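Below is one structure. I have some questions about it.
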């Protein structure tokens, strides 16, 4: 069950997910530049920011934002991918001040640069800590194809459909990312 | 020697942000990392004028243990003991969140008896967590005795939990596929006995503390948190419900068998420290109700699903939200189909609740800041992870 | 007038509070005065693990030195040693070289050490043991000044338990104190 | 021998003897009170309190005292050494002087004077100075906040305290504690606590505030100020503050007993026992308060004083003046 406001997010892909299997109702892929507009829409809809999570993949750093409403099974995941070389993401802490610390945490662990963040320095790690502990070695990075559930891969066209269970929502900008 | 002393006075990166600017009558104060009411090792930089706080900035990381990195080094089952140590006061909920996320990932069906036992122990654990918060909050406000009364009651819970799990604080009881072991035969009687005992004690709590005029003076109208601000900061749990939003994971996305039980989600619209206080005290009763219903309808059956010794979930990702004593716990697990998780992310409710503090503490008295800090119910290991 | 009334209810609440603590004066103490008294719920306590002896020969462990507990342990608390079988063409050395379990041909452990300072009592070893050869002891009185003392020789423990002639207590992890 | 006895009746000799007795009493009393405090705390909290050193843990405070003496005395770097160490002495010294005019028994007058009450009020004001110096001399921001609180608190509570003491003094027409106590009878209905309960209540509240006891222990407020003015003190520096606190408690309890509970007078028992009994009942009450209530906030504390206690005390004082003048007209 996908909320209507999702159409306004400017997503590259929207995939409805099975809440019982993944805990989210929809996965929304975005281009990094459009995150601020998308988050502003969610803010207007009354979404609560749960967390900002990053993970290190072959394609780059994937940054995911989890939002949910006060009521019902409503968790949305916004995902965007930035390159390893210049990991820059616009900071959403201006809209959701609670993102401030989550973004600092991502900076700590992955070295992702949240542009426009008011105070981007170490939060959990010591201030003289060097490096970013959750960044993986080149050879142990996995591609998106290896860590995403099958229905999602099918929906975005990264895998051949085996069991056509999940409906694909035609997105504004077509075409799979990769 | 003198250089070392000078640099100690100059402070660090965090205090440096406070140094420029203060004038004659401002005081830059580092509250913590060792301070009686920062509960563990939280540090807050304060800029004071007299006793009024102009600016407050929490500084975290003093007991950061990098649980998320540890998760990537261990197998799925081996990570379970870590979860109890994230939030030692409500270890069961964290265990459940992690086990639940992995179960979603692997599509494991948990036996019904295990689900019931999970609810019972998690609710008992929630009561014990709220009791510790109650005592510690009053300790922050200068009352010494309530914490010992609370601990007296908490010991009874720990005895029950020990009889089922074998330990008293970090249980590792809820595992992937069910629970570690079955509960003892007299579990039901002991739970009922405890619930009755706690219910008879609650009027005493009210007389001694809740109605106390000094406590009301310290809590009412302090740290008022509007709903919109709570939402933007991602506040959850009793902090959000103290602002009048009846949002509870057990209700809105029921996990386990929570949808089979009747319970109240207490809310108070005031949004102040007293409202958060009252929400937690009401939750004691709500949890008692749940425990009572669970143990009186505990089904028979196995308590663990078959999980292979070499456990490899299929690739994919899943997250699981659980209502912890402090709010919404969210555990994401990402699998590449191997023995170890590819990425585990722990969303600690205290982390978001704590980030409110800077804004709430602006312009209040130092003593009120202590009261606000206590009313957020922080467990620092959970925030630092 | 309203404020005066409020002041009086306030004073009354203080008196009520004094009454509560006053009643506690003649209530019974709840403290257990250790070491004069001891707590009575140790039967359900799960302390460090210990080896289980065979029913017919209590000083021979059920353990078959497969090493799965050592593998399951999240914190590498086990050191299980067995004689390494000599390589082809080499004579067996005396004393035999010891290596971590499992070793070909070794059916019982020669050394079974638990480093309790690493153990977090999660019970993965007990769960994983194929022969049910491990169980929790319920001994909380384990105090030491050095880490070395916490390296428990579980084989020696089993032998002394068997030698103390008492029939090895029935595995009792599920029983309750009262 | 006779000459020696004669010497003892000399005022100076009696003063010296009294001072020695006071020292002994303060020390002994601190030990007893610490024990009582911990026992009360224990019983209130459903535990036995000190138990192992001596019978019922009676010697525990003594052992703690020895431990305190054995501790290293640390002066904070960049603190003011002189002020820092003068403060605990200054806290302790006035407490001794204040013992001089206390009416332990009618036959027992170390220093004949008719302004005993004034002496106590004057010297007890000095205690604030010591807290202030301790806070300033420590060069610690928490201590400074504690010192600032203690000054404001002492100033606020001195006013209603003086007013309700005066209300009693006017009724008796004397400032001598012996005379005031003697003016009342041996039975409760002859005491000012019954004749003027409002003044007694205000005095008790002010007494708790003046001795910085919970729920008015803001200058130390350990959950806010980590110990306030005595954050930096170790060993006997802290010990002296501690002793002074208990000595001050005894003094306010003794003044309350003399002003409101008829002093040493009571049936059957000798006077000194009655006096001690009354002192310890009040002390017990103060200790009981501490283990029951949360701490009030700073502005609430001042509001209680300025908005409630001071007007009430003024009203009480006026009432006392009217009653006395009507009585004298007859």
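The letters A, B, C and D name the chains in turn, as written, and every chain counts its residues from 1.
Heads up, the rule we're going with is that contacts are C-beta pairs under 8 Å (C-beta built on N, C-alpha and C of every residue); 3 or more make two chains touch, one makes a residue touch a chain.
Predicted model only: the values in this text are computed from it and were never measured.
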{"item": "Interchain contact steps from chain B to chain C (minimum; 1 if touching)", "value": "1"}
{"item": "Pair joined by more contacting C-beta pairs (A-B or B-D)", "value": "A-B"}
{"item": "Chain whose average C-alpha position is farthest from chain B's own", "value": "D"}
{"item": "Centre-to-centre distance between chain D and chain A (centres being mean Cα positions), rounded to whole Å", "value": "65"}
{"item": "Centre-of-Cα separation between chain B and chain A, whole angstrom", "value": "26"}
{"item": "Whole-Å gap separating chain B and chain D, where each centre is the average of the chain's CA atoms", "value": "43"}
{"item": "Chain D, residues touching no fewer than two other chains", "value": "44-47, 291-293"}
{"item": "Where chain C touches two or more other chains at once, by residue number", "value": "14, 17, 20-21, 24, 30"}
{"item": "Chain B residues counted as touching two or more neighbouring chains", "value": "145, 152, 208-209, 212, 214"}
{"item": "Chains grouped in pairs wherever the two touch, ordered by label", "value": "A-B, B-C, B-D, C-D"}
{"item": "Sites on chain D touched by chain C in the complex", "value": "43-48, 51, 288-289, 291-293, 308"}
{"item": "Touching residues (chain side chain B, partner chain A) in the complex", "value": "12-14, 17, 60-61, 64, 66, 68-69, 72, 101, 104, 107, 231-236, 240, 245-247, 252-253, 314-321, 328, 330, 332, 334-337, 342-343, 345, 347, 351-352, 354-356, 359, 384-385"}
{"item": "Chain D contact footprint on chain C (complex, rising order)", "value": "7, 14, 17-18, 20-22, 24-25, 27-31, 33"}
{"item": "Of all residues in chain D, those that touch chain B in their complex", "value": "41, 44-47, 77, 141-142, 144-145, 148-149, 214-215, 217, 221-226, 290-300"}
{"item": "Chain C to chain B touching residues, read off their complex", "value": "9-11, 13-14, 16-17, 19-21, 24, 30, 41, 44-46, 68, 72-74, 120-124, 127-128, 136, 173-178"}
